[in-house]
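There are two complexes below, and they share subunit A, which is joined by subunit B in the first and by subunit C in the second.
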Partner chain A sequence: MPAEALLSVRDLRVTVSGGRAEAVRGVSFEVAPGEAVGLVGESGSGKTLTCRAVLGALAPGCSVSSGEIEFGGHDLTGASRRQWLGIRGSRIGAVFQDPASYLNPSLPVGDQLAEVLRVKLGLRRRAARERAVELLGAMGLHDPARVHGQYPHELSGGMLQRVLIAVAVSCDPELLIADEATTALDVTVQAEVLELLARLRAERGLSIVCVSHDLAVIAALCDRIVVFYGGEIVESGPAREVLDSPAHPYTEALLRVASAGDWGRRTLEVIPGQPPPAGASLPGCRFAGRCSFAEEACSAAPVPLTAHPGGREVRCLLRQEPVGRDAVGVGAGARGSDL
Partner chain B sequence: MSSFRRAWRLPSVKLSVTILTVVLLVAVFGDLLAPHDPLAQNPRLRLLGPSGEHLLGTDYLGRDVLSRLLAGTGLSIAAAAEAVAIGLLLGAIPGLASVFFGKVFEWTTMRLVDALLTLPFVIFAIAVAGILGNGPHQAMAAIGLLLAPVFYRVTRTAALGFTRAQYVEAAELLGASRSRILRTHIAGKVLPTVAVTAAGASAAALLVVSSLAFLGIGVEPPAPTWGGMLASDLGYLHQRPLAPLAPAVVIMLTVGALNALADAVRDTTGLHTDSHRIDESEEVHAR
Partner chain C sequence: MSGPESTPVTGSGWTPATAAGPASTSATGRATADGSAATPRTGPAGTPLLAVRGLNVSLGRPAVRILSEVDLTVRAGEILGIVGETGSGKTTLARAVVGLVGPDSGSVEVEGVEISSLRGRALRAHRRTGKVRFVFQDPLRSLDPDHSVGTVVGEGLAVRRVPPAERAARVRAALELVGLDPALAARTPGQISGGQRQRVSIARAIVAEPSLLICDEPVSALDASNRNHILRLLDDLRGRLGAGVVVISHDLSSLAGVADRVAVLYRGRIVEEGPIGEVFDDPRHPYTALLVASAPRVAGAARHSLERLRAAPTDGAIGAVGGCVFAHRCPFATETCAVVPEPVVRGGRAVACHHTGTWPARAAASTPAPDPVPVAVPGRGSALESPLSESPAPESPAPGSVSFRGSAGGPGPAPNLASAPVPDPASGSVPRFVAR
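Up next, the complex of A and B:
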């Protein structure tokens, strides 16, 4: 991991419903310049809240209770409204799920893109229009001049997401946050949008934080994976290694559930049980209740996130010894017998 | 635009647009179209029935009714338009801006609006004329003031729905100012609703203008207005029972056309009545 991180989140805690429940419980991770990091986890695991905190766009009732979010050397947790204006949209761009709802249905998409350019970069009407057409073209949209004048309902989901990516990168940000950006799209379009993101990353040296519950999306785009469970990070490490040899039983279960390419297998696998409700305080491992390897010690005391060689981190008592491709452990053994 | 084209296909819209166009043309060129001087009296030709010379007959001072109707259109329409314009200015613009102000502002303005809504048009206008003096502008300002709460409520309700849209949140996060958001994202959306309300309010204002003229408030005689003509004709029902018919029909047609147009635009643009819209938004929240 390079020493100079672009974004570094340290021990971030986010409370919801007016401070009564803690939904993000001490999350730390870093994003280096040009790096793509994937945040994975099921709904309610805190990945979206973490992103919203980084964007300074937490919903009413949610707030950062402690921790630091450092971006390009500035701490964002105490940033004023004015400081945010210089960062959000300018240095950090964001794309979300359901692109149609982020565009005004009664204005041509090009005008909406041009509006951002006028607000953010102070471009004149004509210059903003030219730049907008140029950006739409750069997003791989055919006939950008025509798309510029079209209304959101005339464009497909994939095209709309391209328009929103154009909005997100219009001010040449250093970091792009893609929160379930491809979730609402069908698989072929999803692949095209992922390709676009990968290209932007290569061309502009953009860092990407990609949030998804879809491991395939993360695998396609990201260098590093951070796995969330119940508001905590349970595992992180280089994408290939985490996907090839998951160390935490939750990651492993997630991979098993997600391996949809295996058509011979008729049954749909699920992880038994339910995640702990947001803010529930459990003394030990938050996954213990659903984990098939859980021991008494797991629920007794907090499990620390331990560092392993190769830049990996795992929050599991059964994984205190080094993990990796070569290491044979409880999880890998169990997986083998399962197949 | 397509919703306006859809509206245009309705026969009621074609008819009302035609009527309103004629009314507007007459309002502008009425003086020129009038075959006689609308103010010229002729005691020998009092209360005549329709004839070749006087198509709609003459009134109690021997003035040509058709000429007075044509010449009076401008004053009647202008007065109604003035009232609606004042209402829009005092109601729609604050209503639009109010969506970004806090609860205290909301509570205060809503109570003020409730209070204003209880006041009856005609009596309030008489009171204002009593205090500020009788004149067309005083009366219209009074009506405009009473129309304002209607515009305030309608605009605010419509705009509030749009402020919750995700693209508005996105624009806010990207640093667009509130006035910019109002102008680019909300004003355009609210416009059809406001237009429909304005059409309805114009019809109401025209009626009130006529009522006030009938009572001798607002435009002062001998200047012809539709309401004023109706008032004077009613005094001579014995001699000419059908005399009030001409101004009454003109008022009815114009008000009817405005209402029909408002209804058609509302239906084809998918806007519903106030109560409907509130029901819908509640449903959305319940979901």
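Up next, the complex of A and C:
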């Protein structure tokens, strides 16, 4: 990992329901300039809360109880409201799942984009409009001048998401957070939006934190994968290596239920059981209850996140030996079993 | 799949007992190899469970044609998948099949009974038989939040005046069949998880032992594990109940795991139909190929390169009136495509494309394009500090014929497509900007 990370999150803990439950439990990861990192996990695993904390936009009742978020050399955990205004939207952009709910339905989308440019960059009305049309065109929207004057209800979901990506990158941010940004889109549109994100990254050196429950989406976009389970990181490492040789049983299970690109008739795999409720206090591994390899020791004491060569980290008692492309995955022998 | 004058084709005689393996799904297609004079294969009941012929549906005012000349057949014990993007008419098709939407013309027969002309008392009587059941997309909105799960599931039985004791027993059995704890019957939909809610929807649909189950996006709100759970459940139920199942889904890979056949819908027309493995492995319609190549996958590459399957973007705003519905997005479209292609049936598969014999070669022609799913991008930091204003998206030659679009205005809204250049997101994949 390069020495100077753009974003570095250290031992982040986020509590929900007014501090009663700890939903993010000591999460640490870094994002280098130009890197795309994918956060993957089931709903409730803490990936979205982590992103919201990085954006300083936690919902009421949620708060960062401890840990550090360092972005571009500044500590964001103690940032004032004014400091956040200079960072959020300007240096960190964000796109979320449901584009329609982030736009004002009674204003043309172009005006909403131009407003950001005027407020954040201080552009004059005419310049902001020109820049907005230019940005919409750069997002791959057909006839940007017409789109500029259209209302959200006149645009399809894919077009709205492109408008929101235009808003997110309008101030030339260093980091873009894409939280389930393609989940609600048709597959053909999803492929186009993923390509747009990849292109923006290549053109502008944008770092991306991509959140999804779909490993296939992460695989398409990201260099590194961070797997969340029950508020903790259970595995992280270079995307291709994690996908080729998952070291944690949960990652392995996620891969088996993912869209395999296999068109044959087959038995669809499932992960039995439910994840622990947010804030549940379990003495040991949080996945142990659903893991077919679990031993007694797994549930006895907290399992540390162990670093392995090649930038990989695994939180599993059964994976203390080095992991890597050549090592045999934990679940490899049990493929097809009902893990 | 074929026009109204010809016989519906497709399909496989399906025996629930031997409900496994792709072989059984394709075995019977050859009987209709030339698309002529074919009699529909009969299922166990003698007639297909569901036969939709030449269905046309319009909605709204002024009326907008949503479905055109749709033909479908579903047999007992068979799962038919329907795929297509937003606005392609999938939901309208499902609603027309259960009689929630009236067709302009065409017929919908369930077990030989024409239901699209039923009105009033007859329609109510048909509904109360519980032969056809519908599973809605969003369980949170289709389950009454004030009623307990038990009441919701048993409502259909209550309407039919099933005595309470029997009703409770059948509700319990239905909940067990979908893998839920019967104790959940006392809870309200708000107190259970999303995956459980979707199962409650399915339990409600199967409590009266329907012969036909229509599921509109039953898994789109669920994560991968729960999605597979529900699809497996449907697969299991068609075996146990011998029911025919129609599943609308956008997750091609999971659907391929359970469905026998698939119909690909685009702007209200079925463009391709056949055994699901064959259709996705070797698509014969450019739209199917585009769908398959767009589906994200963890490993492996698509048969066709995504870039070669895309034409200039129009975001669906252009109407292709009177021609092939896909022509406006098809890189292989020519003047011929101004006429609606008749579905051609060969080897159990139906395809509505004028160029079905030639486009795969054109898609594969010349050098293979980069992998459509770039995984590791080496371009990190390559273009730091290049504001968008200085790097507009490059204009790329749209693959395929542009002349057609210029001349195909016809009676429809004349698109300014021919006035390209437009930035083409298809050309914007990473390798283009990094490697060259």
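The criterion applied here is as follows: the second predicted complex is superposed on the first by the 328 of 339 C-alpha atoms of A that agree within 3 Å, B and C clash if a C-alpha of one lies under 4 Å from a C-alpha of the other, contacts with A are read in each partner's own complex, and residues count from 1 in each chain.
Here is the rule we go by: a residue touches a chain if its C-beta (ideal position, glycine included) is under 8 Å from a C-beta of that chain, and two chains touch if they have at least 3 such contacts.
The structure displayed is predicted, hence computed values, not measured ones.
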Side-by-side fit of subunit B and subunit C on subunit A, or clash: fit
Touching partner for A:V187 - first (subunit B), second (subunit C), both, neither: second
Partner chain in contact with A:H142 - subunit B first, subunit C second, else both or neither: second
Subunit B versus subunit C as contact partner of A:V116, first or second or both or neither: first
More subunit A residues in contact - subunit B or subunit C: C
A:S80 touches, of subunit B and subunit C: first, second, both or neither? neither
Following superposition on chain A: angle at subunit A, subunit B versus subunit C, Cα, nearest 10°: 80
Partner chain in contact with A:S281 - subunit B first, subunit C second, else both or neither: neither
First (subunit B), second (subunit C), both or neither touched by A:A202: second
Which of subunit B and subunit C A:Y102 touches, first, second, both or neither: first
Nearest-approach distance, in Å, of subunit C Cα atoms to those of subunit B in the combined model: 7
For the subunit A and subunit C complex, residues of the former touching the latter: 32-36, 42-43, 131, 134-135, 137-138, 140-143, 155-159, 169, 172, 186-192, 194-196, 198-199, 201-205, 213-217, 219-220, 223, 238-240, 243, 253-255, 257-271, 274
Footprint of subunit A on subunit C - complex, ascending: 20-22, 25, 85-87, 193-194, 223-229, 231-232, 235, 250-254, 256-258, 276-277, 280-281, 290-300, 302, 306, 312-317, 372-377, 379-389, 391-393, 416, 422-426, 428-430, 432-434
Touch list for subunit A against partner subunit B, complex: 55, 57, 85, 88-89, 98, 101-104, 106-107, 112, 115-116, 119-120, 167
Residue ranges of subunit B in contact with subunit A within the complex: 165-167, 169-171, 173-176, 180, 184-185, 188-189
